[in-house]
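Each chain carries a letter (A, B and C) given by its place in the written order, and its residues are counted from 1.
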Amino acid sequence: MRLALAVFALLAAAPWLGFGEGHSLTLLARGMILGIAALGLWLLVGGAGLVSLGHAAMLGIGAYAVVVLDDARITDALVVVPVALAAAAIFALLTGAVALRTTGVNFIMITIAFGQMAFFTASSLALYGGDDGYTLYGRNTIGGARWLQDRLVFHYTCLALLIACFLLLRMLLASRFGRVLRAAKESPLRVEAIGFNPYPYRLLAYVVAGMMAALAGVLLANATEFVAPSYLAWQRSGELLFVVILGGLGGPQGAVVGALALVLVEELLSDLTEHWRLIMGPLLVLAVLFLPRGIAGGLAGVLRRG
Amino acid sequence: MVAFGRRAALGGAAALALPGLARAQAAGIKIGLVAVLTGQQAALGTQLRDGWLQGMKHLDGKLGGIATETLVIDDELRPEIAVQKVRAAIERDKVDFVVGVVFSNILGAIARPVTESGTFLISTNAGPSTLAGRGCNPFLFATSYNNDQVHSVMGQAATDRGVKRAFILVPNYQAGRDAVAGFKMRYKGEVVDEVYVPLTQLDFSAELAKIAAARPDALFTFMPGGLGVNLVRQYRQAGLANIPFLSTFTVDEAVLPAQQDAALGFFSASTWAPNMPSPENQRFVRDFEAGYGYVPASYAAHAYDTAFLLDSAVRRVGGRLSDKDAVRTAIRAADFRSVRGPFRFGVNQFPVQDFWLCQVAKRADGKFQTETVRKVLEMNVDSFAAECRMST
Amino acid sequence: MQALNGLQYGVLLFLVAAGLTLVFGVMDFINLAHGVQYMLGAYLGVSLAAATGSFWWGLLLALPAALACGLVLEWLVFRHLYRRDHLAQVLATFGVILFLNQLVKAVWGSAPLHMPIPALLDGGIEIMLGLRYPVYRIAILAAGLATAAALWLLIERTRAGALVRAGASNAPMLSALGVDTGRLFMLVFACGAMLAGFAGVMAAPILSVEPGMGDTVLILAFVVIVIGGIGSIRGAFLAALIVGLVETLGRSLLPDLLRLVMTPGPARQAGAALGSMLVYLAMALILAVRPRGLFPARAG
């Protein structure tokens, strides 16, 4: 928790710590948005032991909800956000109902399958640009006011939503719902013996995760003002998974830390050389070898001692 | 070869090599050069980049006498990456012009972010019909052509050759659809079949089977970069070379090194070929080959021209780039000598120029190039100019 | 003819998937970097062929070269991950992919490379009126089938093969019985790396040799091993052929089929989308009926 507080405090102060320019704020926004999506995935992976490689599809659904409504000239966030969340919830409910009947590697492959199906569908929608993507006419308005167009306002909006999602997850974890989920992750057999059927709990977790990703999708569409089908590709799902693993599965703060770390390190390295992946790859490997509890785990250790 | 580090500082430009998120502004001009340098189509982006850099070399690293720095941006042929990087170039690096773009979908994605920020976008290759017509923009120029135009040249050439039954094969994206539309503008025969393939297609066996079955008088195809490499090789392997191969951007110098003998005798339509005799062109081709070791294609030639175009424009406004209207007028004047011959801008800020039928040939030194066969269209205005509603 | 292409693509997939399924089955190690092994094989093949001036020498030398690379990777990275959980393996091997894709770009450039078809296998043979099928593709088919047969013989009929099968079924038990599983692992890994490299060299003349070429093959390889059953060579073979056929036939026939009921524009769109989805739909269907794959090797 202390780690999370530190991170949020830094993010809040960031505009005055040298990140005040438009580009830097966009960078942090991307990090925070990735964090929101990663939080949802963490609920599945760390909270329920379900490794999903189709999470990007939910994010993409949120982004494309913005696109579809933008094309229909509806830009009010008060309409767009509920629509996006609902769309993702329905998709998660339908696909989760099927996917959760499988376990292990099969579950991973089924989530890939659904993710790919969403991706190919988005790619074939020539109306919304297909493979070439869609440029938004502008960011979403809030009740008619164009507040989100201001970089600083957008920054704090993202931060507020990130904190909200984080708190929501902590609440869920501490509740009975969270405990059943975690117990089912350890041993589904024992949980069933006690009389709980893990299936509806997992399905609910799947839907909540999907909705969080969709929220991230809406914010991403607003941040870049451009949406492409590649937002749903399996490589992006992989990226989200890596962020969660890299950050550490111990708690939701891992997702946030992992997301910010990835975005910032990428930016730093790509500045140094165009072959930055030559450094990034080994860094990832070293992180796995020497930080078994992820970056958050490592940092938390430092904070405890320091 | 590949420059280590994203910035290629040239001639006396102040080099900003310090990483970090707060950047100081240099006094010179900054150009953001966008091209695909990764993946199957990397050869095309490399041509574009090297053509521009060759132009800068001939200009001593200065535009209009002012030291110029070129930031090379690899769009990876992914629109979302391109948007991200171009936005960074405009907001963080504060480039004065965005130049480049091989592919139309990338241009389409970055068009609004660039023009809405009041930065000039000069396309040296992509020329989609949407941006030539109704989507024309005072901040957008093209120094290449409108895509449909080049394809219409092949349509005209096909008609002139007496082709009655044509088979069409293109990739499934906007430029591919433009190709078909452009070809049909001037081709008056029958279209036996129209086949669209994914941009990532590697294996054309299905399509080649269809062509063999249909036995057309000629094949018209538009397969840029890696697509063309595979198609040409597999076409020749499948024994279909007796069917005339009429193409655009499929057998250009960027891919000829990979296609080699497989492409001999195949046709192409273009604004330019390396064997054009003008002194500007000969100097360009000679120094380009000496400096980069390979034969330039139109991607390089247009980028080279753009350097001279901007040089003339900056000179005309005396280096004062803040007056955007003056800069626009200066660019429109197109007061430079193009390697292609006569060049001027139309009302939609797209070029008005000659077009040629070309054929692949093998040079004495073993390298391959396209050579002009005959002029097909003269000082042609693209068909979308009329739709452009720009006031000036 | 499309069926032949599908089979040929399937055979290539099998070569890659075989190594993947063995490594996953016997060593319980998810090796995402298997795709880059395929890519390395292709690049090494191209360079060695260019250096020696002959495709055959290139192929012959590339195999041990790819094997060496695989062993180096194993010693540097993979060895430390066997005891870790799958997620850690996934993240680390992803790091390897990033690094190798970039290394290849740095050393060979990001533009695709060209590998000429050997003179012996050039040209086509007429299999239908007016249509020639390239000899080289038939060679790939033949080579793949031969390798599959050799693998089958090895696995089913030799002692080493029996050990591998036992390992795929229950590795801890095997270790408890006194077999040196460390050596077995290295053998399995080495074979897998060589197979992937071999597939890479064979594919080089007809497919594009470029950074990232392994990624598309990788995900299809995973689909193959899941359909076939993890740890099963027989399963991988059958599944690879199925996937190859579905992928090729689906992409080419579906748009035409749809044109029967729709207008060309939407048919093209829907056809493209559905055609690509077909493999995943097939996988989902097969998993619904046989959750452990067609020929599961794992016991219990």
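Here, a contact is a pair of C-beta atoms (placed from the backbone, for glycine too) under 8 Å apart; a residue touches a chain by one contact, two chains touch by 3 or more.
Worth saying up front: this structure is predicted, and the values here are computed from it rather than measured.
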Item to complete: Using mean Cα positions as chain centres, tell me which chain lies farthest from chain C.
Response: B
Worksheet item: Is the number of contacting C-beta pairs greater for B-C or for A-C?
Response: A-C
Item to complete: Could you put a whole-Å number on the gap between the CA centroids of chain A and chain B?
Response: 38
Worksheet item: Whole-Å distance, chain B centre to chain C centre, using C-alpha means?
Response: 37
Item to complete: Give, as an integer number of Å, the spacing between the C-alpha centres of chain C and chain A.
Response: 31
Item to complete: Mark out which residues of chain B touch at least two other chains, giving numbers and ranges.
Response: 2
Worksheet item: For chain C, what residues touch not just one other chain but two or more?
Response: 105-106, 272
Discussion item. Going by the contact rule already set, what residues in chain A reach two or more other chains?
Written reply: 130, 275
Worksheet item: Which residues of chain B touch chain C in their complex?
Response: 1-2, 37-40, 42-43, 46, 172, 194, 196, 198, 200, 202-203, 205-206, 209, 212-213, 215, 226, 229-230, 234, 237-239, 257-258
Item to complete: Mind listing the chain A positions that touch chain C in their complex?
Response: 45, 51, 102, 105-106, 109-110, 112-113, 116-117, 120-121, 123-126, 130, 234-235, 238, 241-242, 245-246, 249, 275-278, 280-285, 287-289, 292
Worksheet item: What part of chain A is in contact with chain B in the complex they form?
Response: 18-19, 21-24, 26, 130-133, 135, 224-228, 230-231, 268, 270-275
Practice prompt. Name, in rising order, each residue of chain B that touches chain A in their complex.
Written response: 2-6, 19-22, 74, 78-80, 83-84, 87-88, 91-92, 105, 108-109, 111-113, 173-174, 199
Response to the item:
Given the complex, residues on chain C that touch chain B span 1-2, 5, 9, 105-106, 109-112, 114, 117, 122-124, 130-132, 134, 136-137, 206-208, 210-212, 216, 248, 251-252, 264, 268, 272
